[in-house]
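What follows are several structures.
In what comes next, subunit A is part of two complexes: it sits with subunit B in the first one and with subunit C in the second one.
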Partner chain A sequence: MGVQKKNASRVSEDPDELVRVPLQAILLADSFTTKFRPITLERPKVLLPLVNVPMINYTLTWLESAGVEEVFVFCCSHSKQVVNYLEKSEWFSQPNFTVTTIESQNSVSAGDALRLIYERNVVHGDFVLISGDTLSNMSLTQALKEHKERKKKDSNAVMTMVIKRSKANPAIHQSRLGTDELFMAIDPNTKQLLYYEDKADHSKGTLHLDKSLHVDNPSLTLHHDKQDCYIDICSPEVLSLFTDNFDYQHLRRHFVKGLLVDDIMGYKIFVHEIHSDYAARIDNFRSYDTVSKDIIHRWTYPLVPDVMNFANTAMKLERQGMYRASEISQSQSAVVGPFTVIGSDTKIGNNTKITNSVIGEGCKIGSNVVIEGCYIWNNIVIEDGCKLQHAIVCDGVIIKSGAVLEPGIILSFKVVVGPEFVVPPYSKVSLLQKPIEEDSDEELEYADSTSAIGSQVDKSDVEIVSQVDNTHFSPVSELGMGGAGHVWSTCEGGHEEEWRHSVAPIPKDKILEAIKTMEDDMELIHDGSFLPTSGELKPNSNDSDDDDLEDSRDDSYYFEKEVEATFLRAVHENIQESHLILEINSLKLSYNKLTADCAGAVFYAMMKYALDSPHNSADGLLQNVQVVFTKWKKVLRSYLTDIDEQIEVILKFEEMCSEYAKEFAPLFTKILHHLYNEDVVDEDAILSWEDEKKDADEADKVFVKQAQKLIQWLKEAPEEDDDE
Partner chain B sequence: MPDVQTLVNEFVNQLKKRKIEGSQATAKLTAELLRSVISQQRVPHTNQATALIIAVRAVGEQLIAANPVELAVGNIVRRVLHIIREEDLSLATAAMAGLGVSAASDDEDDVERDENSALSAAAVAAAARSTLRPPSLQTLLEDTSESAVAPHTSSSGGESDGRSRSVEKGSRSRKLKHDVIEAVNELIQDICTCYEQIAEQAVEHIHHNEVILTLGSSKTVLEFLYAAKEKQRSFKVFVAEGAPRYQGHILAKELAARGLQTTIITDSAVFAMISRVNMVIVGAHAVMSNGGVIAPVGLNMVALAAQRHAVPFVVLAGSHKLCPLYPHNPEVLLNELRSPSELLDFGEFSDCMDSANGTGSLHVVNPTFDYVPPKLVSLFITDTGGHNPSYMYRLIADYYSADDLVVKRRPTTVSCV
Partner chain C sequence: MDFQVVVLGGGVSKKLLPLVSQELPNALLPVANRPVLSYVLEYLELSNLKDLIVVVEGEEAAVHVGSWISGAYADRLHVEVAAVPEDVGTAGAIRAISHHLTSKDILVVSGDLVTDVPLGAVAATHRRHDAVVTVMLCSAPISGPSESVSSGGKDKTKKPGRYDLIGLDPTRQFLVHIATGAEVDKDLRIHKSMLHAVGQIEIRADLMDAHLYAFKRSVLQEVLDQKSAFHSLKHDVLPYLVRSQLKSEVLLNGVPQEEENGTEKVISQSNQQMLSQILANASESTFPLRHALGPYGTTSVRNTHKCCVYIAGSSKYCTRLNSIQAYSDINRDVIGEASHLSGYSFSAQNNIIDPSAELGAKTTVGPHCMLGEGSQMGDKCSVKRSVIGRHCRIGANVKVVNSVVMNHVTIGDSCSIQGSVICSNVQLQERVVLKDCQVGAGFVVTAGSECKGEVLAKK
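Up next is the complex of A and B:
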């Protein structure tokens, strides 16, 4: 569907472009995470109701009121549901506001999404990049102006990130949105972002900043009380950057950090701080809770229930933050407490108490029910005497009489909780089984099969129904008599973190515990007995300058390993030399190595390969070496532009012979000669190597002595040349 | 010309998002929108007024629902409805008069009516009004003689209406629409010039060496004070800053720029300063039928302070702010709670609002309006002059038809003429 529309719009815009490019936005209707599972197995995150309105509505409303004229909604998992929803809503028929959907089934990350959008070639100017779970009431005018001005002065200023002040909880290193504490270094004058770290290692209590940051920037401020709003104003270059760097997946972890570390291209990211406006992204259940409360407390004005009514029934605000739809039936004896939202057609029975909760539409709540801090979506039946605390209850759930939900529970769609059943805290219950592939590796979190499962569910509601039936018939299920649903087991690693991201308040004991450990850490630091940090931050933070030797040695070790693996792959898979060179170059960039290091590593890899190939004698080995070099010398030679690099190769060879490949020791001279013949090293290199070794220990001179003959010959050789 | 529905949607959208601020701007935009609604509405040959009323009502309903707090929207919708009724009535009477006086040919009719309509239309309008609601002071004074004739004319109006229509269909349909649009144009004009008309009266109220207190910012107040200054009155102005939006600062800046002696005080200092003040002059958000005022937050306190020290409390309000509703009416949402970020910085207090670790006990309430009961108001100054609060319902009755008080109700029987 997109093709025709796209062409049409492009034609109409082209003449326009010189005059004024309409402000465009890319809305990612997929978070590419699994944090909202099990709910997101059945419904995309952007359609989950936030204070009774699907999240995407908040985002679109904001974009529209902020003056964005064209929005591309990128749908991935459950794309059909998103598209259907948008078609039914009014968004496609707004004047001066075009919403276009882009569907994709095989994108697994924000990076993929942006690459796809780049291919479509629909974005022509600066655009706003936002995900469908972000809500804000900020005015874009100022931020856009700043972005454009910077862009004019410096074409490398490709992105402006919106940040907002928000204090993190010092004890558990977590923001109020449930995300990890974020560290940012910002140049206070230019507002350039210099450092971004959201996965800082708190156990050490230290943070590494590259020394060059201080050198390049006369002043910088380090913040830990800023919150990333995930609203970015980007130049079109951002899309091409994603296409160039095909390994960029995550917007922050790869793209932002990548740009910050990479000083070759010199792209810069700036921040724009908002003060009186509100912006937040719903990243996990904790932020769902926090943002809901912020909406009820009207920080998001005018995006509040009584003002922003989406075609459905109007809400009215009463005293103490009570929002009530017009058609509800509530028993006289029911107590509906402060900061509660009640949707239309909901019935509330006698003596029921509801506080700090959001109740959706068409719910039936029985008598003597206690609901505290819960998010109850639409068409839910809660029978008499139930007790619910800090839970999220999705559409169509039935909670039989007397059941108790402990804090932090997620009940996914159409789950049935049996009578008198007590659901343990932090349970996640769904009609669907937990997907089997459970990769605890955090990096893979977004890359696993969300989309696959999504499409499967999309296709077959029937399947779910049949599953429902199956569970229905077993008299005693996991959720008591007549219950339906599977309690997802939490793996050990996950359980620890469960309280951090759930809707329930953080248990007191956890905070005390955290404070205690923090104090212990402090003591450790005062003792001075804590260990120097290992290279955990290494691959990202490029701080080899100020680190101890061990670190950089580690680093080189990994680099060598990588190069070796790459080389072997090239050999076995018969990859072209030019491709191999390209890959090694990218490794060089990512490890921030010099050409000399590459030369050494490639040489090492080649020798290692020769050594590992079958041979029965020293001659055989020499033969191997010769074969390898004839075939691959081109690769090596591309790193040997300089005499220093050639020396590095010789030194490397020497090191190999003396340390871990002693088989080469007797062949040292022969191979060196061969290298000379193959033009890998030239005589200047060999001579200056010898020169360098002059003052070395006797032990180090073994190979120099061994090669004395060759050196002698080399020294005489020019004269011979002259003679001839 | 763009489609009316798109215009309506756009305006509804802006109202919903609270993009339009100030009752004057809202009133003007509403009137302009309704004017284009009327001009685009195709009128049938019979019962044109009904068609127009239904159209305006339908749009008005949407507009009111979009921002129920902005009462000016509803006021203007009702004013326009009233205009349609009045014009229809005057046309009907004119037509009847035309028939009665001379059974003239069609082309002469227009001229004749223009001559006759002025008097007879007023008479019939007055008569009709007397049947619909208690007579206004003006009508009581005006027509003593015609009141007896009134029932007759109005009852026969229906018949003659039908007859006359057959005679001069084309011209009349054009005429009604044309007249209504003319009248709406006048209304827009009125809204635009209400400042001037109010400001003209300034000299009568502000005297030499007086001290005037005001709160927040109001264009009407600014013009009023400036007009007095223009007339060589020298006086001092105290401006209470009007937290949390501090619009008093803007007003003070403007006043000072125009050469008035201005002093800024905090809202909480009002009571301390009131004993030095000769008169409190403030703007309003809306004036209710009972003479109560919906005004920027903090004004009730000022009014109480003024009452305590017997300082006159004067409210300036353009006619578009006069609302035919009573504050006990459930349709009137008295208040709008705005974002707490106007009060305090989110970042600074974010740790107090962290519900996660049990410290989420800080709540911020930021109401926009206050209600000042009529007994605290000494005088209203509108475009038409100064009025006592107890007279407001009478004044308001002149602007609106009783039928239109509830816009939302679907008209089952429309009683035009």
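Up next is the complex of A and C:
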């Protein structure tokens, strides 16, 4: 009785506990990118074997172990294959772990996927958002607790991102997972994410943070040594946010940055850093290589080959990190080096040497073959004397005797490499032609073509077969005698960057090159061509940012235009002077201008008005000017509190005289005198203007000379003026 | 300690008008009845640094400072007072006395610093890392100098004072970014190369550069020689050193310069450098910038130098007297919460009343107050949290709250003084009411005047 009471009271205190929502997860079984092409044209990325186990199994295993009870697997490209695979697997029959698939044919981005899931209305509480190519062994308990506590205090804390320490290589600007270097700013106390930049412009040597960031936060840390694990704990609001902002596509580029930039809604993102746990996303071929090695080196325990048994073939860990399935026929003379995984039913011939590689099931490897750092999937035939270095070889590939695979090669399904053929480094070979619609433009990753191809391939298996047959019969193909497959030409400029994301280790020369550029950049900083961060920055120095200059130039132009328009309106609508002054003052504030700028702009507007008013001769214009000034000089005078502003007016006048040389230039002295009489400019201003021009070019002195008489007169009779 | 100390005494600061004058330059402004410079000098003496150069702007000010020092510290410290022209800036001041500098490291202290941070720790940090410059940082004061008492609730929403933006490495030992002055309010620009090298930069707006630096002499002199445009240590020299630490130009050029002094010295110096490098690597988590290139290594050895920081603990007192608000704050603190700095012993009532002072009947002097020698107070006076100087004559029924009254001030009956600073030789006639005012030396306030937030000084 007592216990019940206790429970009851606790429940009423805590509304979250009232309806216990099982922990849910959304698993995106599509990465909506093209980085794994050509392989992903035929098989979805989540089903690609990672150390002989399809990737999605790692993700699902982790979710199950982390206490997630319900998973929605969102399938898009090759959705049938994913669904079929899951149906055959044991995932649908686990106790306390429900896997539901959601299929879509026309989603082109993670944003679309989340919008669709929102429509289905299946997610009710906090959920884990993960993509099917992510591997982790972290415990969610702590991160979930933090997220829930924050949420309780601040309903705007909608997302917790998991990050991990990992230093990117400064020279080549990418992490060991092959992802771009990431710059983040985090509040060290609250762990709130303040800034996120993963597509940083390498050519820019400085990181530009808006001042509002450090104004609002007394301390913040900038991180370059963190890696985004792409594991997010989200509140249900995230889904509705995607629906509200229908242009959000990419999780990071649009959603995270959108929330960080938009402070109107005040949504906040926080980070949770894991220290000893493992988490990584397979984003490209380099991370495929890195993560595979991490698995073999057991960083991902318990997600390691001898613990994860999916194909019902027990793997045994032997010394030096060798994993071997039971039924392997290996020649006595074959050498299988350390950190190698060999699947069942694989035959290895004489004098073959295999190091640092993963070999799948049912492979036939001939004699005198050298395999180094390769990922050989299932049912592959490698004939005698082949040499393979750092390649990914997909199911059903046949490599004829004596062929050589240079580093960084991807051989997609059922490709045949002819005998003695040398495949050039970083080639991507597939039986399918490279889709022509593809463009190097990043944005097109989201184009409808991506998924269209996926589904098209899905439906028309027969077509592929016929295509395969066609190529098969041609005796000389792109891959030598009897070879089958198309070598994908890399798009322009792309080849240079191939090494970044390939399975092969980064070549030494590239690194040296990168270091060289880095040092050159450094040189650049100290040449002073860079914006100095501090100190020497003087307001007028040439060092100031070009952008800023441009901005301010534009600004003054618009400011002048606005003042002119305001003035004309005042003239036509007979607005009171004081109101006009008020309006100009507000313009001054909004454009952040000085009083001198106002004086110049107002003067310009007045003169322009006088000029545009009908007049016949120079005298008519002079009269116009006089009329305008009699009427509006009060406005101008309110900006002429100082001698500097008066000088500004004279300079502006000079400018106008050269602009409208025909009209104003002959009248310069007369109008200047008029201004003097009207007390718009006083004697001191004219004299110091003359003084200022002393050292100017001859061309600049034209008007000084014109006004010489007036200046002379002013100089000679100063006392007299005072009496006036 | 093998440190030469340069105390930048300043001149007559505009910010402190009307409190200062040619006769009473910044350095001699009394804090709890003794010149502010004495706090620095005694603090240096405590750290056994007795070889000092005090640089004062302006000949006349220098004469005044010099005569005070020779009177007060003749037998205790070896002080040289140097006069430099006004407006040469801190860098210019060092440049002017550069030929006096001989020791390996130079400590540059601002003469208006009131602090109890152990100097030895700053010097030790400097030596341990073999740094080019070590900067002492303290937490930024909560009440900003610009924030006057009268400012309403509007300003309260603003964050407390922000003076510098300081970027630290994860171990908080090295200074990797600094933005001072006007740049604090601009967008933050961080060199990516620096971020690459240290991985993580902590940007702090709640720390302040306390204007106490330890410099490597050769580097400081070289920078000052080469960059003749540098005007200020804080705004020019320090940011330059911080910025160029990944690609140092100074050390490389510094060594050949040494050759002029004979080859022997070069050898000893390079030996010393090596030794200190080894020491440095052994003693701390090693300077991250050295490993900037990571595992791939490279044959080109980059010159780096180090800019270190010493962060004063939050319990330490560290303030600069550079504004009138700061002047009031420091006076209050020195006889209040940071009373150990004053060097006086407090009475049971937690205040200091000189035995020679005379108090009238029913006059109360509250805790955290100070009354200088020979001062007289009439009946029914009340003094709270204030400092009153020497030989003041204060009438009856006078209230002094949160104020500083310097020497030889005459205050008439029934005056009320709140939050104000009254300079020497001022005469306040009867019934004067002052709130948040500053009264310049020798000024006479006529009877019955009421002032609020005004500056009263002779023209």
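Everything that follows uses one rule, which is that the second predicted complex is superposed on the first by the 510 of 724 C-alpha atoms of A that agree within 3 Å, B and C clash if a C-alpha of one lies under 4 Å from a C-alpha of the other, contacts with A are read in each partner's own complex, and residues count from 1 in each chain.
Following the convention adopted for this analysis, a contact is a pair of C-beta atoms (placed from the backbone, for glycine too) under 8 Å apart; a residue touches a chain by one contact, two chains touch by 3 or more.
Just so it is clear, the model here is predicted, and its values are computed rather than measured.
Visitor: Clash or fit: what happens to subunit B and subunit C when subunit A is overlaid?
Guide: By the criteria stated at the top, subunit C and subunit B fit after superposition, with no clash.
Visitor: Please indicate which partner A:T300 is in contact with in the superposed arrangement: first for subunit B, second for subunit C, both, or neither.
Guide: first
Visitor: A:K705 contacts which: subunit B (first), subunit C (second), both, neither?
Guide: A:K705: touches no partner chain.
Visitor: Based on the superposed arrangement, let me know which partner A:H275 touches: subunit B (first), subunit C (second), both, or neither?
Guide: first
Visitor: Answer with first, second, both or neither: which of subunit B and subunit C does A:K662 touch in the superposed model?
Guide: In the superposed model, A:K662 contacts neither subunit B nor subunit C.
Visitor: Pick one for A:I511: touches subunit B only (first), subunit C only (second), both, or neither.
Guide: In the superposition, A:I511 touches subunit B and subunit C alike.
Visitor: Could you tell me if A:K167 is touching subunit B, subunit C, both of them or neither one (first, second, both, neither)?
Guide: In the superposed model, A:K167 contacts both subunit B and subunit C.
Visitor: If we overlay the two complexes on their shared chain A, which of subunit B and subunit C does A:L213 touch? Say first, second, both or neither.
Guide: Only subunit C is touched by A:L213; subunit B is not.
Visitor: Applying the document's definition of touch, where does A:H579 land relative to subunit B and subunit C: first, second, both, or neither?
Guide: After superposition on chain A, A:H579 lies in contact with neither partner.
Visitor: Based on the superposed arrangement, let me know which partner A:D225 touches: subunit B (first), subunit C (second), both, or neither?
Guide: Both partners, subunit B and subunit C.
Visitor: What's the minimum Cα gap, in whole angstrom, linking subunit B and subunit C in the superposed view?
Guide: In the combined three-chain model, subunit B comes within 6 Å of subunit C at the C-alpha level.
Visitor: Going by the contact definition given at the top, which residues of subunit A touch subunit B in one complex and subunit C in the other?
Guide: Touching subunit B in the first complex and subunit C in the second, residues 167, 169, 171, 225, 511 of subunit A appear in both lists.
Visitor: Can you name the residues of subunit A that touch subunit B in the complex?
Guide: It is residues 61, 65, 95-96, 137, 164-167, 169, 171-172, 176, 178, 225, 275-278, 286, 289-290, 293-294, 297-302, 307-308, 314, 316-317, 321, 339, 373, 505-506, 508, 511 of subunit A that touch subunit B.
Visitor: Under the touch definition given earlier, write down the residues of subunit A that touch subunit C in their complex.
Guide: Result: residues 167-171, 183, 185, 188, 200, 204-211, 213-226, 511-512, 515, 518-519, 521-523, 525-526, 531-537 of subunit A touch subunit C.
Visitor: Quick one: in the complex, what on subunit B touches subunit A?
Guide: 6, 9-10, 16-19, 65, 333, 337-342, 345-348, 350-351, 353-358, 360, 363-364, 366
Visitor: Mind listing the subunit C positions that touch subunit A in their complex?
Guide: 159, 162, 165, 167, 177-180, 183, 185-193, 195-197, 199-206, 229-230, 232, 235-240, 242-244, 246-247, 249, 292-294, 296, 298, 300, 302
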